[in-house]
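Labels for the chains are A, B, C, D and E, by order of writing; each one numbers its residues from 1.
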Amino acid sequence: MAKDLVITNTERQFILDLLANSQRLDGRKSLLQQRDLNINITPNRYGDIYLELKRDDGSIATRLHCKVTAEIVKPKDQRPFEGTFYINCEFNGLAGLNFENYKVGNNSDEFYYGRLIESMILRSNALDLEQLCIVAGLKVWNIRVDVHVLEFDGGFLELASIGCMTALLHYRRPDVTVRNEKVTIHSFDEKEGVKLGVLHIPIALQFNLFPLKEAAEIIKTNTSSENNNELVVLDCTLKEDLLKDGEFIIALNKNREIVQLNKPGGIPISASKIVEFSHMALPIIEETTNKILKAIDIDEKKRNKYAHLLSAENDRYVE
Amino acid sequence: MSEVIDTANNINEDTNGIALMQFPKEVLSRLQPDLVLQRHLQLGLRPSNLMKFNEFRNVEEQSNDALIVNHSTASQAQDNTNSNTSGDLIVANNLLKVGNMFIKTDLSLGITAVETANIEEESFAPIWPEVTVDRGRMGAPTDEEMIASRQLYENIISGKYIKQKNLIISKIGKKHLESEEISYDMADDEENDELLLENKNKWCFVIYAKINVYSREGPIYDHVFNSLMLALQKLTFPSVYIEESSIDLQISSKKSFNKKQKQETKRTFNMKFDFDACNKLNLNSDISISSNFGVIYKDPTMAINVLDEQESNEEKEEDAMDIEKDNTDFKKEPILINDISTDIEEQAILSKVSIACNSKNYKSIKLMNGSNNEKISVQQLKQALKFSKMRYEDLKPTI
Amino acid sequence: MSRFEFYNNDGLRIDGRRSNELKNFESSITTTSNFANFSRNTSTNTTYLQMGQNKVLVTINGPKEPTNRTKIDSNKATLSTNINISKFSKVNRNTNKSNLPDKQTLEWEYEITQLFSTIVVLETYPKSTISINVTVLQQDGGVLSAIINCITIALINNSIQIYDIITAVSIGIVDQKHFLLDLNHLEEQFLSSGTIATVGGGDQVSLLRIRDKFPLDLIEEFMQVGLQGCSVLKEIITKQVKDMNLNKLVEIQ
Amino acid sequence: MSVSENTKNLIVPGDLLTCAKENQTIDILGQGIYLSFENHLYNSNKIYPTNVGIENYTTKNNKNIANIDYNSKRYIPQQGDYVIATVTNNYATHFVCTLNNFSSTVNLPYANFPQATKKNRPKYENGDLVYCRVKVVDSDLPAELECMDSETGNKEGFGLLEAEKGKHTAILNCSLAYCRELLFNDKGFPLLSDMVKKNLSFEVAIGINGSIWISTGSLLETLCVYKILSKCEKAERNLHAQIIEDTIKEYIKE
Amino acid sequence: MTNLKYSVLPNLDGSCELSTSNSKVITAVSGPLEPKQRHRLPLQSAIEVVIKPSFGMGPTPREVLMQDKLATVLQAVIVTELYPRKLVQVNAQILESPFDEFGSMMGNSFNEILSPMIDLNSCFNSSFISLCDSAIALKSSFVSTLLGVTEDKLINIAEVSDLDLLRSFNFKSLHHIVLEVEENKPTNVLLLDSQGDFNDDDLVNVLDNAQKITQKEFQNIRNILKDKVSQDFIWKA
């Protein structure tokens, strides 16, 4: 189904008109309003996360399933002390018929976004790969995150980054003891699983650009940055996404560090705006990070109901 | 439409200006496989070699031991988990001729390191098959090949043919440098002991099967399975020894920038197969024979003799609907076809069942009804089960 | 990180440049005799750019009839980019056996296609494709910026309509305070770095790519340095292009 | 007719139709019922229900009609249906249109426009919406649309759906049964008239293929109508009045 | 207990999310669609089935075999001649399988066979609801059951909720049965996939039990469909 979704001229005009009036087709009344995020952790499993974006009327707009699996492999020759990490993110036919089932085109957005998330985690050392080494040069853990898009109405990049980080934070691999090169893998009954070394939590945010003028005009009005040339929209729906004319993606963590800042072409935007929006992203990302940590914390409490009897710690979250 | 194709004997235009065409048998069978099959069924025959409905094709086993084993070549295993040795060394083979179809199975061995302590008594080993249907070109495996390979893999495990325990290499020999002889006792000297003890019960055989199908005729799975079974029966394991000279200490010295450098030594064993001392594989269960069946309904309206009668007393251009109305008393009868054996049958028969059994038990049944109008009933399944047992007894002498 | 002193107290970098100094920038087209063995009579010009030790060749094919009929857009042209990074372009020869481009190159292709799709006046060439072929002969840090600059020049040399000139530079940061412009190989490997491309040397950012950890509070300065670099580069490119075209005219006469 | 009461008559593929059980004759087979041609040869007609839904057996003009009421999202062209097509391509003789995303395309020949001549052909762009009627359906060829009444040659309200000056338009996709009800059962399902009663002034075109085209004088009014129609599809009947009121309040009388 | 949710994907024509005690799949059906040239059949619709594994890239040979089984049965159930030159696309994504955790395959070699059977069993039941939801014409209904025979017991695998228990069963044979349901009664066998050691008596026993389970399960499915129809016409009520 390599066919594109047909967006009629009427629809295009309607959506763009609405955006110009700060209205969204799904009922949101601000361009910077994001849809509600729900993080569901499957009980009884480690690193199995469902994420939902909910519309205002309660229906689910986008749904993602992230699953971490581990296996023991031989490390790469160049890096014998490091485990390996992959993200497998595919859009299959479930996300919509406009996504092809078998091959992911190299020039497609999916490919690009998948790479963004992978390099977001790998290049910033968000996942400690050296902790995954069992026997140097021979056995290391391969951690793989599978991202399944179960329903799609925009917001993939944000959700996938949140999902991957939540799943990695939540996952526990089986404990391993090495004695005389003999590797024993302990089941969860024998020994409690080991958490992965997540060093910081980068989360991506996508700012979508909609031109208010012709592209030529925007390029010509060069230096006058005071002019409003474009609309910046957060959390686009699928249809808005298809109509947008540029984007920039920022991945941040709570420590005020940019992990990634990408603007792959599209209409140009003034530098001061990029700076402005980057700073604006920080509180949003802080909020999301807290949401992730809270979801994991609640899940952990559920898992060991009696742990608090043994611990002297106070409850961190008092409702 | 179907009548038009076959009844016209030469190309002539009818009143509508549509040219009637005559096709040679081969072409017609590709265009209208169901029609050709139905015509044959009316005569009580099948398209391939005019077999009876319940007839199986002739199966000949042509084994050629000369193909097996070149003693001088040897195999290598590296001291790590996912080593697998080169699969070129054929330890058992089988060449099965089914009708016009040839199936060649080559079994080869690999060695892998395992935690032998973890192997349970009731654990069964797989075979790693790779089925290739010869089609005159290279490329990614087709769905049919993938399905056959996977099905073999599953059925070998579920059939419980090979116990994992039987694949453990319990004895490893050592070839002495000077004497060129191989000793399998490990009491001699201390140095020996260490090496051999270290390797004792650490290795396991892995069986690979490379299966080639030539001049494919109909579904392949059952015959591929049979060929693999026959080859498996002949499988012998060579003894394994280590050549003293070839124990290498490799020092990996990959430089990684500003990383703590650990020196890692890797020991490479050159494991070699000694075919002078072979052990036969103990199969856990008798091998089984797989056979397939299909069900098709005889459709009287497609019969050629019906048309002949029609022609004699009616006009040729008679509307097809009228013909059918006159023959409402015709009944469709189900026919069980044994051993689906040509492309025509394969395409026209949509409901198939494939049964593997030995004298004691059934090993697998795969029944798939691919058509709503021609389903295999329980009655026919019973019949097919009976036939499959008979088939096993038939082929037993060849085993 | 402190194995090398990337920026010493005298304000000099390893290769002797100042922090905000660009590498030498030289571009040429085949018609100006730099590459005598390339045929002059081909419909397309080969543009060669040397930016420090980066050596990039760009040819542009088109606008031409698309080979793939499904790609036809009846309103405007479609762009396609193909980047070939030669295996000998780095200090260590790339031992990757397959001839397929690696993922980073594919990303660049995606970004460059997106970038130039808004800069080229695609509406002038309906139902056609313009394909950009890039060959990187040698790389020395900031290859992406060299590729983008070279494509800009190539587009002008091939007389394809563009709205404005795009210039790109790479920027690195030392010790969280000094910004270095137009990185070399070593700097790129060990510093947090990014690439920025602007339209017409103004402050309209068209492409931005930072893939390393980078303090959020320094982003403003980062942009300033980048914009400055780009605007300087714009002057250089404009001058060189003008000279080139003068030469061309002289030759034709 | 209340649906929840009628779910007793739920028909699932493989069931016997109630009317067949009671040996009633069926003259016309409606949607969701299939007569196997395989059996037709042998005069032992077997009638299959093919969809999950509610059996409906009526008599009209002395003909017994049986059909199964079911709802779906994908439209399969039927002769004489009024549809809203999207132009996706144009050729020398016809437009290529689509009725649902990813469904087979249908053709709209230039000859099927009123007063069509070789020189006078409609100029529609890709992505434009056309209100038209299905003229011919053939299993081997793409279905053919027409933009006129082929008997009279009149325009009959068919043609391009475009925003007039100062108007704002939108297109809404919803389920097929909902569209049918809106179009044909205005008395039993007076949602649109209810909306007009609330002083909403709008223009709609409803295509059986699940598209509703809305045109009003202001952007917010369009959004309001759009919202009401899409919300009512997912709400029970008695809540509709409330939805209309709330949505109007939300978007217009702020 | 089987838990079914219909119409979970509004972007597609029909969909269903099914969770049994030990597995979870989501399936979607779309059609009739415009097929690619190579899928086009002159007299009937093509059926494309794509099953994605719960982790890793797919479909691997394991999934290809599953796809083949599902497609063959759907061929018999869908009224393919109603949609000539069209495509019916069935997508399945396995979300949870009892064998997708690290090390869960080990210990019992039968698990290697059990795992695709569990996945496929769920896919069958889920795809039936998806087909109904997508309003594709069907000739009959079907219900799939997966039974395991141990030394002394017959086990309905979909109801085993203890994963460790499931992994350690010592099955003599496994039987995956898809039965056609007409007029609320199980009739023909559409698919019978049996593996392991078994004899005629086992087979009869398994088929008898499968019929009983099918009968029960179909009532559940029927209730779900009843619910679905009233939801479809909710605006009418």
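Everything that follows uses one rule, which is that contacts are C-beta pairs under 8 Å (C-beta built on N, C-alpha and C of every residue); 3 or more make two chains touch, one makes a residue touch a chain.
Protein names from UniProt, one per chain: A, C = Ribosomal protein S5 domain 2-like protein; B = Ribosomal RNA-processing protein 43; D = K Homology domain-containing protein; E = Exoribonuclease phosphorolytic domain-containing protein.
Predicted model, so just to flag it, every value in this text is computed and none were measured.
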A-D or D-E: which has the larger count of contacting C-beta pairs?
D-E
Look at all chain centres (mean of CA atoms) and spot the one farthest from the centre of subunit B.
C
Chain whose average C-alpha position is farthest from subunit E's own
C
I'd like the Å distance between the centres of subunit D and subunit E, where a centre is the mean of that chain's Cα atoms.
33
Please report how many Å separate the Cα centroid of subunit B from that of subunit D, as a whole number.
52
Distance in whole angstrom between the CA centres of subunit B and subunit E is 26
Residue numbers in subunit D touching two or more further chains are 102
Would you mind listing the residues of subunit E that make contact with two or more other chains?
30, 33-34, 77, 139-140, 180
When you check subunit A against every other chain, which residues touch at least two of them?
1, 3, 97
Could you pull out which subunit B residues touch subunit E in their complex?
118, 120, 122-126, 143, 146-147, 149-151, 154-155, 157-160, 164, 285, 350-351, 353, 360-372, 375-378, 381, 385
For the subunit E and subunit D complex, residues of the former touching the latter
13, 30-34, 42, 77, 79, 81-86, 132, 134-135, 137-141, 180-184, 222, 225-226, 228-230, 232-237
List of subunit A residues in touch with subunit D within their complex:
1, 3, 5-14, 17-18, 21, 23, 25, 27, 57, 97-98
If we count contacts the way the header does, which residues on subunit E are in touch with subunit A in the complex?
8-12, 15, 26, 28, 30, 33-34, 50, 52, 54-57, 89, 91, 93, 95-96, 100-103
Residue set of subunit D touching subunit E in the complex reads 1-4, 7, 10, 12-16, 32, 34, 36-37, 48, 50-54, 69-74, 76, 102-105, 139-140, 175, 177-178, 181, 189, 232-237, 240
